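Every chain is named by a letter (A, B, C and D) in the order it is written, and numbering of its residues begins at 1.
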Amino acid sequence: MAEKFKEQAVVIRQEEISYGIYSMWLKTEQIAGKAKPGQFISLYCHDGSRMLPRPISICEIDAKDNALRIVYRVAGKGTEEFSGLSTGDSIEIVGPLGNGFPLKEKKAFLIGGGIGIPPMVELAKQLNCEKQMVLGYRDTLFLQEEFKGLGSMYVATEDGSYGTEGNVLDAIKENGLDAEIIYACGPTPMLKAIKEYAIANGIECWLSLEEKMACGIGACLACVCKSKEKDSHSNVNNKRVCKEGPVFRAEEVEF
Amino acid sequence: MAEKFKEQAVVIRQEEISYGIYSMWLKTEQIAGKAKPGQFISLYCHDGSRMLPRPISICEIDAKDNALRIVYRVAGKGTEEFSGLSTGDSIEIVGPLGNGFPLKEKKAFLIGGGIGIPPMVELAKQLNCEKQMVLGYRDTLFLQEEFKGLGSMYVATEDGSYGTEGNVLDAIKENGLDAEIIYACGPTPMLKAIKEYAIANGIECWLSLEEKMACGIGACLACVCKSKEKDSHSNVNNKRVCKEGPVFRAEEVEF
Amino acid sequence: MNMEVNLAGVTLKNPVMTASGTFGSGEEFSEFVDLNKLGAVVTKGVANVPWEGNPTPRIAETYGGMLNAVGLQNPGIDLFVQRDIPFLKKYDTKIIVNVCGRTTEDYCEVVERLADQPVDMLEINISCPNVKEGGIAFGQNPKAVEAITKEVKKYAKQPVIMKLSPNVTDITEMAKAAEAGGADVLSLINTLTGMKIDINRRTFALANKTGGLSGSAIHPVAVRMVYQTAQAVKVPIIGMGGIATAEDAIEMILAGATAVSVGTANFHNPMVTEEIVNGIRDYMERYQVADIKELIGAVK
Amino acid sequence: MNMEVNLAGVTLKNPVMTASGTFGSGEEFSEFVDLNKLGAVVTKGVANVPWEGNPTPRIAETYGGMLNAVGLQNPGIDLFVQRDIPFLKKYDTKIIVNVCGRTTEDYCEVVERLADQPVDMLEINISCPNVKEGGIAFGQNPKAVEAITKEVKKYAKQPVIMKLSPNVTDITEMAKAAEAGGADVLSLINTLTGMKIDINRRTFALANKTGGLSGSAIHPVAVRMVYQTAQAVKVPIIGMGGIATAEDAIEMILAGATAVSVGTANFHNPMVTEEIVNGIRDYMERYQVADIKELIGAVK
């Protein structure tokens, strides 16, 4: 049983790194020290009208200083509230949650789409193998600097303003890339396409999923995804994204 | 029709002047410039779970700088929220609300009980007559300095730690005071006793009442008090504390 | 861009109205809102004679909402006709008079008195949980709903809106009964019956013990009932319950409401009704909705 | 100071329990809360066979609350008996198993399977609004409530709690029917049926369209129903609905609840149940309440 903590984290610093996209470093007591790439934390709002936690992936871990970084897009009221926090403010968080990515020593694609890019940063730092980052954006780039020196990087933008015009698979094709393992996080249509690509090419593939959550720890069954096999916990073909996931073998899950 | 404004006021400064009692100066756009002693403002909470305004009396008015002072006790969640505000923070307010005290040139008692003392400060400043402040406290004194130089002052404390042991009427009796007019604000039992005293002694008497409010402007009929005569607005024996009040002739209202 | 909606032949310039009892007859709020900007003003409930209402405390705040047990205090139809209608006539907005009563005869008396008055519609409150007689008793039984609707319709010269209570097992049953009785429009929801206890004084927070829950807290229940009702009847629906933003109003319209009423939110922000009108316009512009009618019941 | 309460012969060390479906079988929350500190753990609803539940999204946040349409996903009684009961037996707390079904036979099968199991009580969920068959259908008609209570009682070896739906015109009618059917304890309220629409995507926020509203938003409705029920029946009541603080729990007890269940608040703060136990103790100390039983139904 992985350890989880509920803490009053303190904002070390926060900045808007792209339009509506914020990067926040949080000082934790224990969470950062236990966290792994691909795991997430739950953040709680100060405003009493919003009761549910917001799940946000861990982007970077500074285990030495027990700090962690999240990068998030303002998508609604909760993330808007978070974006107003500044150095010294505190925020309740629970974590580390979920399973995280397996760290394998195989030639890898690290594929991030939009706001699915953040978890790839810590993964790239911890993976010990040949790394090819494939990053998909709508138009404006962010978190590019972070990958410098960690491997080769390929970018796709929907509007073609940078790199390949199209999606991450177009960038892979255009650059004639290959890999033995895929780690991916991003919008569902992207994950679906990557799953097909991986199966077609016989590549081991790990996908990080999203679903609406209530408890974030596996108790409420809000956040399930369809699984191919009967899940040992649920005894039906449902797995909990917050507990068995958010990272799943592509073959395990159905979209 | 008195003018009312909804504004984003800015906290000039706030301090805890006694245990759990806060004094806050607010910079307004127009409200302070139009306010009169005995009127109140509605303050709105930032936290979305609290939707109703908190009515708080105006303690002092700085018409020149368009600032006003309120003094309040932390009584629940809303006032607790306000107590956390500091210089530069903003808060939504509506005002000035209610009728205020009539300013008459008669030898006066200004009677304040506990958290009913604040409105007496501005009243004392604006009244042009012989003023006798009679202030009742449970134990700890506050807002005493403010009355210095405005008239004579008499204090009663429940525990006798300062001034007369007992209530404001005990202080009046002990000091052998008299007056031609009474202005009073404080807890209902005190107001009730003052009303009886005023009638028994044939003194003109104005009382500032409290009631739970929703709209604060006279539209919802939440905040009524029983009136002796049929009220011309309601057409029944109910007057609106927020609109016809909060200040009433003692004879007009029933407790 | 067209924001006009039609309720039983009455055209509102936009779908935003005030919820009865939260806005008086508009006078007090006219200091904050330009009444000309609203689709309609719905007045506080008025009876054949003046009502004293309940003892105080009449309201209590709750999480994301409030309880009220005002108990339909009102000045009676005579003073209302003499004072409140002329006030509202000065504005370019529709006038909807909310009617309450203790007996069917009470309701009919008020409706008859209003027949020759310049009011646009009548809203019959058969769903107030805060009075001992009348009110909700009429609104929790389909037979009673149909009967009172029929009676009122006999006397009414203006289109009749029946205002339904959410404190029922099946809202569609009541809605169908009102429609069968001849209702021209339905409005829902009135407040959910609730209670608050002060644990320090160990008493009820309201003198009346129970009160009606309103405000953002109840919005999801209101949306559900409006949706269910829209599937069950043909008459137009005025949706209300916890509408505090343009988003809330649009949600209600998408669920099937032709117009919306804003209540408790006025206490949180006296300018909210006008802001909601503007917010709906912004939404229509953003999504290029040429006519608001395209949104009514668009989510099925 | 005595915090013990008695529910149909079962003594709880304190009145704080978990609300079914929000706490699994306790395993996940045991990382945050010492289960030994709770009066009882009420499990997620379990059926005779595994249930898949509804498609996602299964939840949506609302103002001061949330909607859920999980649809009673559960692993079925076999795995539950083999895994969940032994887990809970490790703790010094009472075990209450929440039972769901599509037919009366389904319920009875589960109840029978539990007869020789070390569980302390059974809670029969006849009020789930999120499944097509069973659930709420049993809970909105007094005859059906009485009938299923009687059937279940035939098979039950443990005291039976009937869990009532708030989506009814008169909660006391259902409460009396359950009592007449032999219920040992009543629990209320389950969720209020609600709906949320995403105005940008113009779709329902939940795949199931409607869901159950829970959390602080509904607390005043729950307090009112517990109060009304306490005046109408003799059996003890477990109060729930929006309890998020010790104050909320005490309010429910003063209204007439012998014990309370905490649901949605666990999602906002995984340690809340233990904090509520401590907060009730603080209140009793502050007001010198020697026995919590003095508080039960103390406000009338």
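Criterion: contacts are C-beta pairs under 8 Å (C-beta built on N, C-alpha and C of every residue); 3 or more make two chains touch, one makes a residue touch a chain.
Since the model is a prediction, treat every value here as computed from it, not as a measurement.
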By CA centroid distance, what chain is farthest from chain D?
B
Between B-C and B-D, the pair joined by more C-beta contacts:
B-C
Averaging C-alpha coordinates per chain, one finds the centres of chain A and chain B separated by a number of Å equal to 55
When centres are defined as mean Cα positions, the distance from chain B to chain D in whole Å is 46
Between chain A and chain D, what's the gap in Å when you average each chain's C-alpha atoms?
35
Going through chain C residue by residue, note those that touch at least 2 other chains and give them in order.
63-65, 216
Return the residues of chain B touching two or more other chains; collapse runs of consecutive numbers into ranges.
48-50
Could you classify the connectivity of these chains, where an edge means two chains touch, as line, ring, star, complete or other?
complete
Can you list the chain A residues touching chain D in their complex?
1, 3-4, 6, 44, 48-53, 92, 94, 211-225, 233-238, 243
Inside the complex, what are the residues of chain C that reach chain D?
62-65, 67, 140, 167-170, 192-197, 199, 202-204, 209-210, 213, 216-221, 223-224, 227, 242, 247, 250-251, 254-255, 283, 298-299
Contact footprint of chain C on chain A as seen in their complex:
48-49
What does chain D use to touch chain B in their complex?
63-64, 216
Would you pull the chain D residues touching chain A in the complex into a rising list?
21-24, 27-29, 31-32, 44, 50-53, 56-61, 63-66, 68, 70, 73, 75-76, 79, 215-216, 264-271
